[in-house]
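Next, two complexes with chain A in common: one pairs it with chain B, the other with chain C.
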Partner chain A sequence: MSDVTLTNVGKVYEGGVRAVEAVNLSIADGEFCVLVGPSGCGKSTTLRMIAGLEEISEGTLEISGVRVNDLPAKDRDIAFVFQNYALYPHLTVAQNVAFGLEQRRTHGNALTALLTGANAARAKESAAIAARVTEVSKTLGLNELLTRYPRELSGGQRQRVAVGRAIAREPKVFLFDEPLSNLDARLRIETRTELRLLHRRLRATIIYVTHDQEEAMTLADRLVVMHRGVIQQHASAQECYERPANRFVAGFIGTPPMNIVDGRVENGVFECNGARISLDARWTTTTKACAIGIRPDRLRLGAAHLEGALLATIVAVEHLGDRTDITLDSAWGRLTARVDADSAREMREGTAVGVTLDVQHAHLFELGECGARLNGA
Partner chain B sequence: MKRNPLTDALLWFVLILGTAAFVFPLWWMTVVSLETPQRAEAAITGSGGIALFPADPQFSNYVNAVRETGSTPWMGFTDALANSIVITVLVVIGTVLSSSIVGYALARLRFRGSRALFLIMLGTMMLPGQVTMIPLFLLFREFGWIDTILPLVVPAFFGNAFFIFMYRQFIAQIPESLVEAARIDGLGHLAIWWRIALPLCKPVTAICAVFTFIGTWNDFLAPLVYLHSDEQATLAVALNGFKNQYGGLEDVHLLMALSVLTMIPCIVLFIAAQKTFVEGLARGAVKG
Partner chain C sequence: MTSESAKQPWTVSRACRVALITVTSLLIHAAFARVIYRTFTAATSARDEIELTVMHWSGEGGQEEDRIVEDSLHAFEAANPGVRVKRLNPGDAGSFYTKLQTMMAAGEAPDVFYVGYERVANFASLELLLPIDTFVARETEARNRGDANALDLTAFYAQTVDAFRFNGTRVGEGVLYGIPKDFTTVGFYYNKDLFTQAGIAFPTNAWTWDDYISSARALAKLPGVTGSEFVTWPVMVRTYLRSEASEAIDDDLSVVRVAQPTSVAALERLRAWRHDEENTLTSGKSKIATGASVFLGGKVGMAGPFGRWVVPSYRNIPTTANGGFDWDFAPLPRGASEANCVLTVSWSIAKHTKYPEESWKLVKWLTDAKSQAASARLGLAIPTLKTVAESAAFLDATLPPANNQGYLDAIPEAVVIGWPSDPTFEQILGSTMDQGLKTGDLTIQQAITEFERKWDAHVSFVPGGVAPMPVRWDIFSIIGFVLLGALLIACALLVVRAPSGRAARSEERAGFALASPWVIGFLVFMAFPILLSLVLSMTNWKGSGPLSGADWVGSDNYTQLLLRDGRFHTACKVTAYYALLAVPIGQVLALLAAVVMTQKIRGIALFRAAWYLPSVLAGVGVSILWRWIFDSEGGLINRTLELVGIAGPEWFGKDAALFGPPAFAIMSFWLVGGSMMVYLAGLQQIPRELYEAAEIDGASSVRRFFRITLPMLSPVILFNAIMAVIGSFQVFTQAFVMTGGEPGDLTRFYVLYLFNKAFELYDMGYASAMAWILLVIVLIFTAIILRTSARVVYYESLRK
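Right after this comes the complex of A and B.
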């Protein structure tokens, strides 16, 4: 078992800057957990606290049920994959992969082993390390590269070596800090899939940090969305997308982002700047100032003077092949609609359209940056 | 880029002229070392003009030079050579180890007053050696170290401000993530210094080693001040002794032969380490 539990873990830097508020998080054995959020949201700090690279200011961190707050990084049995890979430049790929194992051998020093007569044991150890390096390089397709130096490798190859170095030691927990952000777009998507497959094969506990919500959604068993050092939502990617806990998550998860408009709901009608849209039965009894959130693919575009529709002007049409993103200006401000390629054919920039909503898929949020989602009656 | 042959020619001319200016004294020294005694003396006094090649190369000069210094056994060339090698090797090892470990500490460890210490250390570079020479001599005399190699060797193990500065700057450029990766792999600071920082500092170590080697090998003042008995003399001191021993110029060809021999290790080392000088830092450690 290698589960990770954070109880009220917080980080305050010298000088009183608070990077992470009391984080409560429990990551199960074998889970692929992704911490996601904009830069400066505290996700990397949280990961580095788990790794032991940052001191934990408050709270308790447990790995496999053991409190490890004060344990140095090397004793936590974790592996860390850095954004810039951090391969040892003066060592070959094979030596890089073996480095962690070499550090952990009982008979590290050849001379001491010779003097204490532990030579045979040392040789056995060396053979085991060599076997492990071979096994790992086979898994990751590094066989051809073993004698090369990091500077002779491409970005993608370095990334694989970094992963190889991590898995060679068979740690309890893998920590990834934006490992794909230095790769080009195509390689990133390929590697993403490889990581997912690797996780399935190793069945290891993985905590992964990224700012890319798409990467987060494709990889995660469970997403942890962070903002300003606070966990905003902790759920499956699907859940975060369909039932965002608050306005921040709603706006952060999903591309293009959800349309969110401040206004007021009264008698089942949402109103903003005089433009009204009727909502569904959930909201008939609610009366309050709030924000409405609706995903771009839940906007319907029709004739300009359609009854009950919001009048809007097409500002931009972006063709993406199978679908088209349409930017609109309306009384509700700027909105984005996503329509299928066929219906986008007759849309021209500068023309007027009537916008209606799939109101059963609309969300209402409290006002404010992280306003909670309202549950209708 | 298209190159103008005229500019090229001019450039080559200037470069060759500059090289010749630097190489000529060495070449002339070698020429004189191969002359017969009479011609060598003539060359020194200027009565024979400047010969660019020895008329009748006397390679036996070298054998005689090494052997004849032995006629006064205490100042044998081989003894002095051994002294020079021992002192130089110890000083190079000491300077590289101590400078790099202090540089590592100043670059990587955060402790109270580290900045002040760094500045004070830099300040000592402004101090001319002559200022500390007498106090140091008195100090080492108190220790009873006079006429031993200790005053020459032991200070090297306490770092050299300039090389500490170089190591510090170089080590500060090593990406933090490399050090963190090493920590996770189970290395302490001492091991990180030895196994990560030092191998990555090869260019600095090359500069440090070569400059220290040349400086120590050619150092005349310090051995003269601290090493009194003739058995302790280093090559630089012994060469001078050799000159005084004969006073006149009749053996100048032998003096030149010894000078050439003394110079060889420095030149060989310099050429060997030249490539490492220009080698970059952590290429491949991070994307870039």
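Right after this comes the complex of A and C.
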């Protein structure tokens, strides 16, 4: 079992800057868990605390049920893949992959081995390391590259070597710190899939940090959305998308982002700047100032003076092939609508349209950056 | 280039740039032109006004001597309208001679200047001095006609005048080359309080060496007191030998007779006093401990043989009543005969002065009774005019020493210690006698043999054979012009074959314009001297006269250096020994210091600055500081060693063969800050992730250092190592200031020997050959390091 449990884990830097608030997180054995959030949200710090690269200021970290707060990184049996791969530039690919194994051998020193008569044991160890390197490189398709130096590799190849170095030691937990952000967009998508497959094959526990919510959603068994050092939501990608815990998650997950408008709900009607939209039955009894959130694909565009619709002007039309994103100016401010390619054909920049909502898919949030999602009746 | 950019309009920024380039290069070229132009105009500008250049030093005399000379010159100017005097004072005698030599080599010798008697033979044979016999004859005539102001040579102490006569082989007779300004005889200064404590009588003006040594032994019995300091400078050793009716060299300076039995006996006795008896004489020690200053501490009974020059500093010793001690002077003790020496300095005139008449007037002025009386106030030396010396101006009873008469009493027996015109004699005698008498690492017999071997090797070296050819400067000039022409053609080709396109060409023109001052400066001030030194290394140019006087000697300098010059080989060994210690240990220390400095602790910037600080401190001051630290008695290091029960070595004394170069290596570790900064910069270039990755991979901190830090730092290490190797071959200031290469040649580093040859022994051709050999050595070492390191040095970007 290699589950990871964080109990009230926090990080306070010297000078009192608080990077991570009391984080409670439990990652199951074999789970692919992705920490996602904007930069500075504390996700990397959390990961580095798990790795042992940052001291844990408060709380408890357990791996496989054992408290490891004070264990040095090398004894936590984890592997770390860095954003810029951190390959040893003076070592070949094979040496890079073998590095961790070399550090952990019993008979590291050739001279000592010779003197203590452990030569045979040492040779056996060396052979085992070589075999493991071959095996790993076969898995990752590095066979051709073993004698090359990192500087002779492309970005994608370096990334694979970094992964190879991580899996060579067969650690309990893999930690990835934005491993794809140095790759170009296309390679990123390819590698994403490879990582997913690798995870399935290794069945290892993976904790993965990214700021890219799309990457997070495609990879994760479960997402951990962080903001300002606090976990905003810990749930499956689907859950986060459909039932965001709060306004921050709602705005962060999904492309283009959810339209969120501050206003007031009263008698089942949401009002902002005098423009009103009637909501569904959930909200008939609610009366309060709040924000409404609705995903772009839940906006409907129709004739300009449609009854009960919001009057808006098209300011930009972005054709994406299968769908089209429409940017609108309205009394509610700037809104984004996503429509299918067919209905987008008539859309012209500068024309007025009437906007209606699929109100049953609208969410209401408390006011404020991380205002909680309201549950209607 | 598109047509659009070719028709680039004259925008403001472009105009500014062009203006800036033009102005900059014009300014710099104008500066060059001005410097060159000045040399031509200077000669013609002051036609109606005569300007005499006067140069002197003010070593022991300090600021006061400087002021006295200045006052005399002002008075001279006032008395001689139409003559202006430009005064130069480079500082001490050493700097003075260096400056004099460079000025002479440049053909701009001062008109009137100091000459120490020991340089007369050398300077006269180099034809640097104007014979003044005709002037003196004219003065005698004038005197006979009744002119009371005319110079009267007989009014001077005869020895002091004879000291500036040179007949082509020996000093003392022949042509007169200067008028002595002052002089001194030598003897011992003694601490009267210690004599009283020891219950022994004060020395008399007629004391003997037996009196001397029994006094020293009696003084040595006092707690913490050393009997006497006895400096073994060549001139003192020779005077000492004369007092035993012996000499180191024949009167005609042709036969060296160090080995004669009386000399050997006297030297053996001196060596025994020093090395076989406890505390009788101060033993061989660093330069700070020898010489005049040991006496100041009040723990040395006698110090000498010194002349009058120590008096200004000894006068600062408080009297007994004021917490110091009383002291006096006694002339050199007598042995088998009575002997003393005359050490004197003249005002002399440059051979090629434009104004011999005015110069002579000035020399006369500066050596007349009035000027001499003024300098006598200093107490620094004895006036050469008998009337002044025997007047109150010198025999001032209010200030110590009381026994001024002692100096004068020694005069009848005092002679000028003549030196061969080749100063190498004195240097070799000094260094070998040092090893016999001071460090004691050679016996007297060995030292004499060593001296004779080195001197023979030197005199038998006649570069270029008996009739060397003058250097064919015409040929070299042609070669030079051909090279310059080729260079200009190459430049022209570069310009002509410039990339097409107007913008590119204008950019290139700007580049050439901006670089041209540097290029011209490089050609004039670097390339030309470098190439010239290569030519000079195959000549016997002295460095003290015009180049046209040089003879072509081919490879003689090189073969002498490589095959026969024992001092050169010693210098190489000393330097190699030093480099072997200083480079590896220094680099390890610098790297460790840098690693420590990467720690993120409070005030780390302060620590870094503190470590780097020594590297920016001035070399001479720091060297003096270290001289104290390595002082064998009471120096910081030996005191500390004493505390833990280790008897420290005499770093620059008798243990100098083993401990001299290591002392300099230890001193060099003080300067690791420079290398440390480079390492620090290198360390901070290493991505932190590599360490983190290695940490997670299970590498211990030691392992991380060897597996990450060292390989990642290897190009920096290579760079630093090469710089350190080059630097270690260039040790100069420290050795020059701290030991002057002594004792013997045991700390005479390569560049120091080069300096000695070039600026003290006037053998610039030989020194140039040394410089080129040094270059080759450095190149070889650098090549070896580069070759052997190729496999272990990792380059991020260079190797593919």
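Here, the second predicted complex is superposed on the first by the 377 of 377 C-alpha atoms of A that agree within 3 Å, B and C clash if a C-alpha of one lies under 4 Å from a C-alpha of the other, contacts with A are read in each partner's own complex, and residues count from 1 in each chain.
The rule is short, and it goes like this: contacts are C-beta pairs under 8 Å (C-beta built on N, C-alpha and C of every residue); 3 or more make two chains touch, one makes a residue touch a chain.
Bear in mind the structure is a predicted one, so any value in this text is a computation, not a measurement.
Q: When the two structures are superposed on chain A, do chain B and chain C clash or fit side by side?
A: In the superposition, chain B runs into chain C.
Q: Comparing chain C with chain B, which touches more residues belonging to chain A?
A: Of the two chains, more chain A residues are contacted by B.
Q: Let me test your reading of the model: by the given contact rule, A:Pro150 touches which partner, first (chain B), second (chain C), both or neither?
A: Once the two structures are laid over each other on A, A:Pro150 reaches chain B alone.
Q: With both complexes superposed on chain A, which partner does A:Ala51 reach: first (chain B), second (chain C), both or neither?
A: After superposing on A, A:Ala51 lies in contact with both chain B and chain C.
Q: If you stack the two complexes on chain A, which partner ends up touching A:Tyr88: first (chain B), second (chain C), both, or neither?
A: both
Q: Return first, second, both or neither, reflecting whether A:Arg158 touches chain B, chain C, both chains, or no partner chain.
A: First partner only, chain B.
Q: Considering only the touch criterion stated at the top, classify A:Asn182 as touching first (chain B), second (chain C), both, or neither.
A: Touch partner of A:Asn182: chain B, not chain C.
Q: For A:Phe252, is the partner it touches chain B (first), chain C (second), both, or none of the two (neither)?
A: Touch partners of A:Phe252: none, neither chain B nor chain C.
Q: Touching chain B and also chain C: which chain A residues?
A: Touching chain B and chain C on chain A: residues 51-53, 72-74, 78-80, 82, 84, 86, 88-90, 99-100, 103-104, 151-152.
Q: Would you pull the chain C residues touching chain A in the complex into a rising list?
A: 687, 689-690, 692-699, 703, 707-708, 711-712, 714, 794, 796-797, 800
Q: Inside the complex, what are the residues of chain A that reach chain B?
A: The contact residues of chain A facing chain B are 51-53, 72-74, 78-80, 82-90, 99-100, 103-104, 149-153, 155, 158, 182.
Q: Which of the residues in chain B end up touching chain A in this complex?
A: 175, 177-178, 180-187, 196, 199-200, 202, 282-287
Q: What residues of chain A sit close enough to touch chain C in their complex?
A: For this pair, the touching residues of chain A are 51-53, 72-74, 78-80, 82, 84, 86, 88-90, 99-100, 103-104, 151-152, 165, 169.
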